[in-house]
Every structure is written in structure tokens, then in C-alpha cells.
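Each of the next two complexes has subunit A plus one more chain, namely subunit B in the first and subunit C in the second.
After this line comes the complex of A and B, so read on.
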């Protein structure tokens, strides 16, 4: 059952369209929110967090409308893209103050703030003010305030921005873990390979519209009007190339610098893979590796957006 | 089909019944009271109260005593006139309190972009505004109706008489009504000005300009044209007029007190309207 549903959602600012007729539903797990700058990602997250009223259409989070419904935000955590901290406060103090707004007692808020900081890899006993924090530490603090109450829904806007490689890895692992635990996590990022490490499930926005939604490999399969590239490693690439041309379903073959590798272009992926399986059974060709080159997130993104 | 173990446990502890506005307000009050300027202004306000306690003390002394002659001085008496002076003459102090404890509060949230975190919490915009207004409401109350009513209570206790109430039955209403109007008007103007910028310094400068320039302009134009109607521009003049009206004293300007009251209410409403427009999540397009 979807925990987050968006139906025909539009939001415009005067004549500028922020979102246009977006519809999708999310279930527990991690979904990557992708799109170039100005695609509507931040607008979508602000509508989902009840900060902006939709111009048209509707949003339901855990069955409730977020706009004008502050009680819902006991169950939703939001990590904004921009720095949103008081530099003179310590991280624990800041998060505890925010948790107190959700009705926690002072002691419980401090305890939960400490636990959340630990989970994001920060020392809860760190006393220095956040003004002295690195960008990565501030990101972790924002993330900690979002997940401090283990909300069912987590909306993370570019949580990896400014983090060092170790921080990125740890945060990616944390997001994956949150998804496994059953949170519904919508995480926006413009760094595709990082999203790919978090989830194969994506929501692609472009010019305010939902361009694609689903598993990245399934989305690639749906793109039929563009040839797919498949990298093959085998013992006899020239013989394999000949056999491939004979069997059809291949629009081009090129050899690479590696002597045992060839790249095949096909416009009929299903037929191609079925015949390749037959070829694989033939003696002598020695197909060792089959690697689709363009059903990664980057290729799908490039194809759909550019 | 993804596998989720649903191992997370959402916090289901007991929530406090305290309204979030009060939680936010308490934190804001603590921050305000940590400021040296605010402490100093409260101290100065306390000196006013001590001076009036002195008046009260003199009033209870026998006329033929050592310091009994002091009772013959017209202003050494706690009545409607002196209480009006008590409220009216602290105006500069009230302005300084607004400057010290209110000018920066929303500007800082805009600067540090914390509004979006607040508004994605179980907190409505009115809760946020009330929370941010609480320090000003408290501090201004501590310099206006709280000590004024306390002085009246002390007067009744020390003289064991409610004669003052028989002579000036409007006094409690005048104190509370004028103080409420002053506090609401100054608080809404201060917070509105604070919400107009993300620079705390600029907010303070703007507040000084808003509090002083219209008053100066009103005075100058009224003097040049010999027409008190220009004093409607002046916050000071409007407050003076309403204060005198509530305390049933001679009005200082040839203006309808209803017009000045309407002006003050309009300023308060304009401040609230600005706040409701400015205090929201940053619009993604437009970047306001």
C-alpha cells in the first residue's frame, strides 16, 4: 500500500511552472528523486512537507493531506538542501530544541538527539558550536534532525552535498539501511551514481513533469526507440560478430581496444538476448561476459532528459 | 518485490500537552534574557517602579511627619495622572526593548534558513509567530501593565482603601487597554520589520527608522501646516492621544481619538498581514 501518493499535482508561481500534473505513489523503501536543476525537485519536497500549497491536484502522506496539517509532521522527517542551522548552537542542542517542538520532554529530546547524531556518525558529546562544523558535519546534523524520531516518511533533499567520500559512503549506507527498515525515503540528488548506490528505484522529474518512475532497469527496457549497447567478452570475437550479424536483431558491432571485447548495438533487445543465449550454447564462441552498457541510471537519465 | 523488515520503531512516547508556540516562546525568552542589553533595560524599567514605590511610600506617610511636606507636591500621588505618566514616559524604553529583543528574531531565521525546518515540524505559522512574539509580549508587559496594576494593588494594601477605585473606576481598564494596544502594536511592527530582511543589523536599522521617522515627519508637518491631522502619521502621537483618552485626561492633539485608535489598530493589522505573507517556506522560484 502506498505511503505517499501524489495525484495530478501542479504548482506554479505566476507564469512559472514549478510542477505540472505530477502523479506517482511511493511505498516503503528508498526512491531516488532525480532531475536537472529547475526540474521541480525542491518544489515537490516543499509541497510534500506542507510548506507550499499545491496549485492543483493533491498529495496524501500516510493517508493525510500535508498542507495545514502540522500533526502529520510527527511522522515525517525533512532534511532541507540548504544549511538550516543556528551556528552558535551545538548539534545536540539544536536537534533537541527541534524535538521539543514535537512534544518531547527536555531529557527525552536530548537523549533522542544524541541517538540520532550517533546514527549519522557524529559524536553526540561534541560541544563545539555548529559554526565550527565542516559542511559534511552540518549535513549530518540536518540528517540527524530529520530522522531523530524515526519517522515513517523521510524526505531528504541533496543529503550528500558537501560530504567527503567517507561521509558519502556512510550516508549512502545509512539511507539504504533506512529503506530496509521500512521507512519510505525520498532522496533527491543530482549525482547519479550515488543515487544508484542507494536504490534502483527512481522518480525522474524534468521541467516540472514526472518523466519516469520505477526501477531504472525496467525504465530502460521501456525505451524501445533507441538502440541498446551490450558489451560482450568472448574468446573469438570475430567469429561471434559474424554469427551475430547472421542471426539478425543487431544494428551495429564495433571492436574495442581490448582484443576479446566487442560492443553490439541492438534495437530489439528481447530478441537479441534470446538469440544470444542460443549462441552461448554453441561450442567454441566462449562468451564469458555480457554487460548492458546503457541501462545504468546515467544512461537512462541522459536519454530521457537530454 | 523489495523486502523491508520494518524494524524501525517510530517514537511513540508521551507527548507534552504544552502548545508548540509556548515551547518555542520559552526558548526565545531564555535567549532574550541572556542579552546584556535586555537585562539593562529591565533594570532601568525596575528603577521606574522603585521610584513609584517611593511615591506610594510617601503617600502613606502622615502629613505632619518629617517628610510629610512631600505629599503637597502635586505629582507625589499614585493616581490616574501619575500612572499615565508611568506608562507614557517609558516609551523610549519600550522602543529599545523592541530593538534589543525583537528586531532580529525572524531576520536570524531567514538568514540561517531555519524557517523551513520549523515549518516542516508539527508547528503552524501562527504557532511560530506567537512563539517568536512571546519575549516581546513578556518584556513589554513587565514594563507596562504588570507593574502598573501591581502599584494599584500595593496602594490598596498599604492604604487599606479602595478610594482610588471610587474616584477613578476606569483606571484598571485604562492601564490594561492602553498597555495591550501598545504591546500588540509594537510587537507586530517589530516582528514585521524583522521579517522583511535576512540581515539582523538591517532589521534593527529599519526598526529605528519605522519607529522614529514617521513621528518626526508628523511633528514637522503638523508644525508647518498648523494642522494636528498630520500627527496621525506619528506612532508616538497616536499612542499619546490614545493613552490620554483611556486615562480620561486632556487630549494633547486636536484629533479624533477614534481616528488614532483606528490608526494603531491598522498598524497592528498591517504588521500581522506582513508577517503572514513573509513567514513561509522560501518559494523555490523567486527566491524570496
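After this line comes the complex of A and C, so read on.
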């Protein structure tokens, strides 16, 4: 059962198209929202959070339309992309203020704000104003305000921007954990390997259109007009190369500097892997390692947008 | 009715949300460094009153005759420092930037994704700003009045002291009306400061030269009706027949309500990309 549905969603600003006919549905778990600058990621998140209206099509979150529906935001958390804060407030004070706007009492808000900050790795007792925070600390604070009401849906716009490596790792782990807990998390990023660490499930936007949606490996498999590279380590690489050529499903083979490694290119991944399994069962070839070289997110992204 | 509700995004302000949004704006004001300058503005008349009071303690023969009595100077203070300047400037600074400030700082996104209606959010922010302006104006005026009247001893200040509540009501209603005007200006104009200044010092000052009913579309015309003092130094405005107190109250309250409703409608309908 989808928790978030987008149907033929378009949004334009005058003559500029922000989104064009986007349709997809998300279920609980983490989905990476990917695309180059200007792809429409932030526009999509703003429509989803009711900040702007669709020009055409519609959006449903937990079965409800977000525009003009404030009650829905008890169940939706949003971390905006912009590095905007209330500089005079402390982190806990800021989050507590946001929670009081959600109807919580002062004591309840302060307690929940502290819990959310702890979860994002910030000290809830930190007194200094946010103006004195590093960008990473501000990102953690923004993330904490999105988490504070424990919403079922989390929409995170570039939450890793400006974080140090430790912060990135902790935030990635947190997003993964949130997905495991059953939240529907849509997290946008242009840093591909980071999204890959959070989830294999991606939504690719380009020029306002949904270019691809699904598991990154499945998407890669759908790309039939490009050869796919697979690195094979075996005891007898030359014999293996010969057998592969005989069996078909291979468009090219090259040997590397490593004597026991060859790289195979195939345009028919399913067929290739099926035949490789058969070969693996043959004595003497000694296939030790099979590593697809280009089904990582970056390759998928490159293939799809160019 | 359904169409009207749809126009407001299908939502109406709720008391609990309104209280939360008012509290948010109120608390935020006292924390904002930039806005603390606004509070300093309100302190200027108090400092002037303090200076006058101190001068009265100086034993210089030539000085004492030229220093006015507190009961005489208080109406002048009210008109010049408050009615013409602070009462307009404070709501302009607070009201015109109510939403623009959040847009500029990029913090509006946090507020728009809270579980409270845009109507509650805007109305709450307006009420918070009005409370701030009312406290600043009220405390400032009371301190200035007490300094001016007390410098001569309170013995002869009885009538002036009894008029203080009228002055305060006039200031509070004035800040409500000006706040409503400048909130609408802030939402509809790209240059709210300029438009606000024109309205405050152009339109409002042109009252005496405006024909008939048009005068009713200014705030100051109604405010002077609330102050029971024929001795106010109002210049050309004093020559006009003031409206009745009920009429002035009705215009100020109803006018503010209409302007705030318009602002809520615009805010509820607007996209904030």
C-alpha cells in the first residue's frame, strides 16, 4: 500500500518547467531522490509539503492532499535544503518552538526536542545560539526538527550538505535506521554514492521528469542499449574468455594488468549471468569473483541522463 | 460559504493554533537582535522626558521659566512622538516584515509545514507583533508621561493622569489598525517599506485636505476621537469635526478585521517556492 502517491504531477513557474508529468508511488522504506541541479527535486518536495500547489496532476500523502491540509503535518516531517535557521535561538529552543506550533505544551516540546537532537547526534544541553553553529550542526538541527514529531513520512532535502565525514556517516546510518523502522523516507541528494549507502531504491529526476524509479540494479538491467561491464577473477582467464565467446551473450572481453582478471562486456545481462553460472559449475575454470563494474548509482545516472 | 472556505485553503484559524503562533512571534521578537533596535526607538521619548525632568531639578534661574509644565507638554508629546511617529513606525517595522522576513531568511518553510493553518499562522504572527507593539508603546508612553507629570509633582496632574487610559487605548487600537494595514502592504507590495512610509507620512498627513468620507479611510482621523482632550496640538486636523467615539471604534476595529481577513486570504492562497 503506497504511503505517498504522485500522479501526472506538473509544476511550472511562468514558462519555466519545474516538474513535468511526474508519476510514482512510494512505500515505507528509504527512497533516494536523485537528479542534477534544476532537475525538480526541491520543487517536488515543496509540492509534497504543501508549500506550492501543483499546476497539474496531484499528490496524496497517506491518502490525503497536502495543500491546505495542516493536520497532515502531524505525520509528515520536512528538512528543507536551504541553510536557513533562526540564528538567535539555540537548537533545542528552535525545535521546541516548532513543536509548540504543533500544539505541544512547553515541557513536552522541550523533552521531545531534546530526544530529537540526541537522535541526530547533537547535545541537547548545548546552549549556544545557532548562529555559532557549524553547517554540519545546523544540518543536524534541521534534521532533528523534521524527526521531532516522529512522523510516518520524512521528506529530506539534501540533508548531508555541509556535513563532515563523521556527520555524513551518522546521518546515513540514521536514515537507514528510519527506513527499517517503517518510516517512508524520501531523501534528495546529488551525491550519488551517499544515496547508494542509504538505499538501493531510487527515483531519478531530470529536467522535471521522472527518468527512472525502482531498484538501482533493476534499473541498470533495463538499460539494454549499453554494454555492461563485469569483472571476473578466475584461475584460467584465457580459457574462460574462450568459453564465454563460444556461449554468446558477450560483446567484448579485455584482459587487465592482473593476470587472473578479465573484464567482460555484455548487452544481455540476464543471459550472461545465467551462462556464467553454468560455466562456474565446470571444473577447471575456477571463477573466484564476479563483480559488476557499472551498476552503481553513478553509472546508472550517467547512462540515463546522457 | 464553501467557496469562501475553499478560498482560505479550506481552513480557518483555531484558537489553540492561534495562541501557539502568537506566542511564537512574541518570544521570537525578544530574541531577535535586529528587532531590539525597534525597542530602542520606543525608548527615545522616554529619554527625552527624562532629560526634561532632570533639567527641572537644575537650579538655574534662566532655565526654569522656559521649561514647560508636564500637564501642558504631555499632549504635545502624545501627538508628535507617538501619534505621528512611533505609532506608525513600530507597526510598520513589525507588520510589513512579518512574512517577508521569514521568506528572506528562508525560515518560512519550517512554519508552512507545521500542523497549523496558514490563517492561524498569519493571524497569530499579527497578534504577536501587535502585542509587542502595544507593550512597547504602552510602557514607553506611561514612563514618559509619569516622568513629565512627576517632574512638577503629581499634585496638579490629576486630570492628566485620568486621561492616560484614553491615550493608551488610542495607542493600542492605532497599532492594531496600522499593523493590519502594513501586514497587507507587506504581503502585496515588493517595496513594503516605501509604500508604508507613503501611507504613514503622506496619506495620513493629508487628512485635513481630503474631502468628506475619504477622511474615514485614515487611521489618525479616528484615533483623535478617542482622546478626550480638546487641547491636542493637532494642527489642521484639529479644525476638523472629529467622529464620534463609537464610530471611531467601529471604523478602527472593523477596518482592521477587513484588512487582516484580506491578508489571510492572500497568504493562504500564495505559493512560496
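By our rule, the second predicted complex is superposed on the first by the 306 of 306 C-alpha atoms of A that agree within 3 Å, B and C clash if a C-alpha of one lies under 4 Å from a C-alpha of the other, contacts with A are read in each partner's own complex, and residues count from 1 in each chain.
Following the convention adopted for this analysis, contacts are C-beta pairs under 8 Å (C-beta built on N, C-alpha and C of every residue); 3 or more make two chains touch, one makes a residue touch a chain.
Quantities reported herein were computed from a predicted structural model and do not represent experimental measurements.
A.B. asks: Taking subunit A as the common reference for superposition, should the pair subunit B and subunit C be classed as clashing or as fitting?
C.D. replies: clash
A.B. asks: After superposing on the shared chain, does subunit C or subunit B touch more subunit A residues?
C.D. replies: Residues of subunit A touched, subunit B against subunit C: more for B.
A.B. asks: Taking the superposition as given, does A:108 touch the first partner, subunit B, the second, subunit C, both, or neither?
C.D. replies: first
A.B. asks: Does the superposition put A:167 against subunit B (first), subunit C (second), both, or neither?
C.D. replies: After superposing on A, A:167 lies clear of both subunit B and subunit C.
A.B. asks: Once chain A of both complexes is superposed, is A:13 in touch with subunit B (first), subunit C (second), both, or neither?
C.D. replies: Once the two structures are laid over each other on A, A:13 reaches both partners.
A.B. asks: Tell me which partner A:180 touches in the superposition: subunit B (first), subunit C (second), both or neither.
C.D. replies: A:180 sits against subunit B, while subunit C stays out of touch.
A.B. asks: Return first, second, both or neither, reflecting whether A:35 touches subunit B, subunit C, both chains, or no partner chain.
C.D. replies: Neither partner.
A.B. asks: Answer with first, second, both or neither: which of subunit B and subunit C does A:98 touch in the superposed model?
C.D. replies: After superposition on chain A, A:98 lies in contact with both partners, subunit B and subunit C.
A.B. asks: With the two structures laid over each other on chain A, which partner does A:124 touch: subunit B (first), subunit C (second), both, or neither?
C.D. replies: Neither partner.
A.B. asks: Applying the document's definition of touch, where does A:67 land relative to subunit B and subunit C: first, second, both, or neither?
C.D. replies: A:67 contacts subunit C only, not subunit B.
A.B. asks: Under the contact definition given at the top, report the residues of subunit A touching subunit B in one complex and subunit C in the other.
C.D. replies: Common to the two interfaces on subunit A: residues 13, 43, 46, 49-52, 68, 70-74, 76, 78, 80, 82-86, 97-98, 100-103, 145.
A.B. asks: Name, in rising order, each residue of subunit A that touches subunit C in their complex.
C.D. replies: 13, 43, 46, 49-53, 67-74, 76-78, 80, 82-86, 88-89, 97-98, 100-103, 145
A.B. asks: What part of subunit B is in contact with subunit A in the complex they form?
C.D. replies: 2-11, 13, 15-18, 20, 23-24, 27, 108, 112-114, 116-124, 127, 280-281, 283-286
A.B. asks: Taking the touch rule as given, give the residues of subunit A at its contact with subunit B in the complex, in rising order.
C.D. replies: 13, 16, 18, 27-29, 42-43, 46, 49-52, 68, 70-76, 78, 80, 82-87, 97-98, 100-105, 108, 112, 145, 149-152, 178-183, 201
A.B. asks: Looking at the complex, which residues from subunit C come into contact with subunit A?
C.D. replies: Its residues touching subunit A are 9-11, 16-17, 20-21, 23-24, 27-28, 31-33, 105-107, 109-118, 120-121, 268, 271-273.
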